[in-house]
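Since the structure comes first, as structure tokens, the remarks are kept for the end.
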Amino acid sequence: MIDALISFVNENLGVLFVIAIFPGLAFILGFVIFAVWYQRKYLARLMIRMGPVHCGGRMGWLQLIADAMKLVAKELIFPRAANKTLFLFASVVLPVIPAAMIALIPFAPGLIIYDAAGVSLLVFFAISTLFPVVSVIRGWAANNKFTIIGAFRNIYLDIAGEIPVFLASIGVMIWAGTYDLNEIVLKQASMWFIVPQFLGFIVFFIGFLAMIEKVPFDIPTAETELIYGPNTEYSGAMFLNMMEADYINLLAWTLLMITLYFGGYNGPPIFADPVLNGVFWILVKLIIAITIIFTITISYARLRIDQAVKMGWNYLLPLSILNILLTLAMKFYLGGV
Amino acid sequence: MAGSEVKRPGFLARVVKPFIHVARHALKSPVTHKYPFERIKGFERTRGYITLNMDTCIGCGACGYACPDEAIYFFPVEGRKYTYPAIDYGKCSFCGLCVETCPTASLAHTDLVELAGYEYEELVYMPSELKPINIKEVLPEVRRFLITTMTKDGPKYILFKEGGED
Amino acid sequence: MTTPIKRYSPFGEIEEVGEGLFKLNVGPQHPISGQGRFIVLTDGERVFDIEVDIGYSHRGIEKILEYKTFVQGIVPVERMVMLDTSNILMGYVGAIEKVMDIEPPPRANYIRTIIMEMNRIVSHLYALGLLSESAAWNPAVFLWTTADREPFLDLLEMLTGARWSYSFFVPGGVRADIPRGFIERLKATLDWFEKRIEVYEEAWIYNELFRMRTEGMGVVSRQNAIEWGLAGPNLRASGVPYDTRKNEPYAAYGELDFKIVTHTAGDSYARGWARVEEMKVSIDIIRQAIDNMPDGPVRVRMPPRPKPGEALFRVETGRGEMNVYIVSDGKEKPYRIKISPASFRNFYTIEMLPKTQEILLADVPVLIYSFDPWFLDADR
Amino acid sequence: MNDDILERIKSLAGEALVEIKSPEDKRIYVKVKPEAIVDVARRLKDELGFDMPISAGGTDYPKKNVIELFWAIWNSGMNKVVILKCEVDRDSPSIESLTGVWPGVQKFEREMWELLGVDFKGHPRLKPLLLPEDWTEGYPLRKDFDLKPYRAKWGDRI
């Protein structure tokens, strides 16, 4: 038994490493811990204060671990009127969905958890549509006015945001001529797709902000109106899961943006260094991207749901279709990549 | 309609400039300080913990009459001839009317405010306990004292003195 | 959800509502509610009625004052609004001075003016921060304003001895003269603060997304503003040029030259914007007061007892006009003091607004904080 | 002071006027009989332009056995405040509500109803405002409301 296990591990060491360590589970959880800490420290500096300082000696680096321990140790409170099965189910399943999206992202040549046989971009979007569904389940199961309003807002927002995002990424597909994220990355070795796909990127980025539900699109969890939107009733470890889901979602979509428009694991074309290509560059880009996203979250006001939906359908959708036509025209005249 | 009277700058100024302003704040130094380790020194007039000089006090009771919170009681002290004020810091609002009223200037403010205790009784200071308190006794963690100043670029803390030299 | 049929009686509850409506309890435990409760009648997005439930922090200050001497009353009165203590206290002290028929010395008036304007800046900074925080859980501007009021609080501590609740005005003047080094530091602070206001304008007031949220939302017409008894910057944002500092000058305002900030829009944006402009006016007033300050004593003796009589004293606090109606029966304690603070009046407008125009649930926090209400103020 | 305005108020109040004075430039104290309060208020608003309510309250006089109510109204045109007063019987205080004239006094009247026990007829929302919903211990702003029991409960700790 044990021998069989050891031999199984030995034979599949690479796969297990990819799933469990990098870019799999450990990396995702590590990123959540880092991102929360980084958000707190960085935003604190933007607000001219210090952020956590005491926990873990310097820079408060243990703060999130301490918070997580506190949350796990707390009681799980199920509201009396809640549907307890679905309530628990949603909180367990929610972080899995964005984590599954990450499995499709190439981190280096060959370093990918699940290579979806040439259609990985489509699979990515297919999985991402599950997120609002589970989100509605969590809002509905809690049986609370605030959560249900937040859950319905989540549907409106996700539909309004996801269609432009998908159509914008179709521009990339046309330009690259493939559905496969790995090939899209390879084709960006000499020029990142943000240059030919600039209009598409703008549309993608605004929709992307709606997908990660950060300000100005944190409408479902609007704290000033809905307390914490669909998550209001969750406590303890379930709350931790919800928060994790938010950050994993951020990670997944940011990685997609980097992969589609910023050359994935390629270094900048001007000093493309084959040695550094791969994990190093993707992490650098990730940190720059979340820095910008965090800055955006505190620079702007939150849109109203009607304004956000209007923006999605009235402006982003036509623009994304225009982008597809432009891409086709460019491809026709310039002959593509 | 709205906006007619207010400046409406261009699109970039409305969308990009807020972002730049926010990002620029990352370069500023924080305005907060690590409280138990660093403590801001009060000003000369700062109203805090009140001390009593029993040698000059004549027990006239003016402070008790002036107190709006009825936080001052009078107790006799062994070996002295008057009754002296005791202060209930659970009620005191640090308005300073007692200090101002005192005809012999026996009451005085200090800048100490760290008076919290676990029991209500700890907040009631009898006349003989109204002595100056060394801050090290109530705030043992303190390492440095800061004072606030105003410079051209904004407010700044400067080091008043290290705590150890007290 | 079906669209409800609604009929409003002019001054009361909704008479008839359709299906699909429910009540949301926004408060007393809610990120934006403060020490009170808003009962919001909504169908999920549209808001049909807001009822403001105040009284969670009712301390009966009016009753307490009947038991205190005139000077002792200073301390409870200040507890009405911690942010704005000197303006609130001016209302009380001014009413006593009126009923006692004493006039503070001119230097005391100027010192009062400086303190009150600094307090107004502090109050408006907080209002601006809360407005930004309500429009997005955007703590940046809120914490900037919190940090930027700190120099003013330091100055006030230097002058009065306390960061809040200064207890510095007494009937007949102020308790102490200006300390050494205060004026220089105040001037430096004002110079620096002018630059900070520019940052607020560019980062927040001109911010496109903030404008999208507030412009044209929560419009109070001039007529309604007067009838509903709106107060303060909110009133001026609706186009009524009323400012107690100008219309019924007290302290040193009669001798200073400043403008009243008025807007015609009357929407949430104009109210937020009015506060930023008023901070500039306050800086101007402080500078004039420093330049024109006369020498002399800062306090006159107050008679122990007033003559029997009554007086109504109006004062412009940071949140709007507050007035104090005092009845004296010739004893050393007031017979009756009626304080009507600004927030108490502003809450009525918040209740009335959803009945005149379309308000969405997301607008509720922005709407409320554009009026800068304060429950402690309204509860007394 | 304000002689012409005083004359006009006298003429519009007519029989109902009890007392009128103007001790300073911007204040006019008018006391009328309670029966005529709505009529006088409406004419003050329509004919003289006193349009903005800024305060309202009441004072309890147990010796005279009356409660004196006042409404302070600002005139946006003239920049003067009229303080409209009337006395109601202390045993069963009741008066017509002025919310129909000045909507803004709604909350003030609600407060008076709650704290002084004055009944306002025609007021749309006479519900507890500042006190708890289940308050049964009397009217706090009346002079015979004693604070001593509350001091014993909450006050002295030693």
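A, B, C and D are the chain letters, set down in written order, and residue numbers restart from 1 in every chain.
The rule is simple: contacts are C-beta pairs under 8 Å (C-beta built on N, C-alpha and C of every residue); 3 or more make two chains touch, one makes a residue touch a chain.
Everything numeric here is computed off the predicted structure, so don't read it as measured data.
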| item | value |
| --- | --- |
| Between the pairs B-C and A-B, the one where more C-beta pairs touch | B-C |
| Most distant chain from subunit C by Cα centroid | A |
| By mean Cα position, the chain sitting nearest the middle | C |
| Whole-Å gap between the CA centroids of subunit B and subunit D | 42 |
| Centre-of-Cα separation between subunit C and subunit B, whole angstrom | 25 |
| Centroid distance [mean C-alpha coordinates] between subunit D and subunit A, Å | 61 |
| Separation of subunit A from subunit B, taking each centre as the mean of its C-alpha atoms, in whole Å | 47 |
| Two or more partner chains touched - positions in subunit B | 18, 21-22, 25, 31 |
| Multi-partner residues of subunit A (each touching 2 or more other chains) | 46-49, 298-300 |
| Per-residue multi-chain contacts in subunit D, two or more chains | none |
| Residue ranges of subunit A in contact with subunit B within the complex | 42, 44-50, 53, 295-296, 298-300 |
| List of subunit D residues in touch with subunit C within their complex | 26-27, 29, 51-60, 70, 72, 74, 76, 79, 81, 83, 99-100, 102-108, 124-125, 128-132, 140-141, 145, 147 |
| Interfacial residue positions of subunit C with respect to subunit D in the complex | 9-13, 54-55, 58, 60, 62-63, 67, 226-229, 231, 240, 242, 247-248, 310, 312, 314, 321, 323, 325, 327, 335-336, 338, 340, 344-345, 347-348, 352, 379-380 |
| List of subunit A residues in touch with subunit C within their complex | 43, 46-49, 145-146, 149, 152, 215-216, 218-219, 222-225, 227, 298-307 |
| Subunit C residues touching subunit B - in the complex, by the definition given at the top | 68, 71-76, 140, 144, 147, 150-151, 154, 157-162, 165, 167, 175-176, 179, 185, 188-189, 191-192, 196, 199, 202-204, 206-209, 211, 215-216, 219, 263-265, 267, 269-270, 273 |
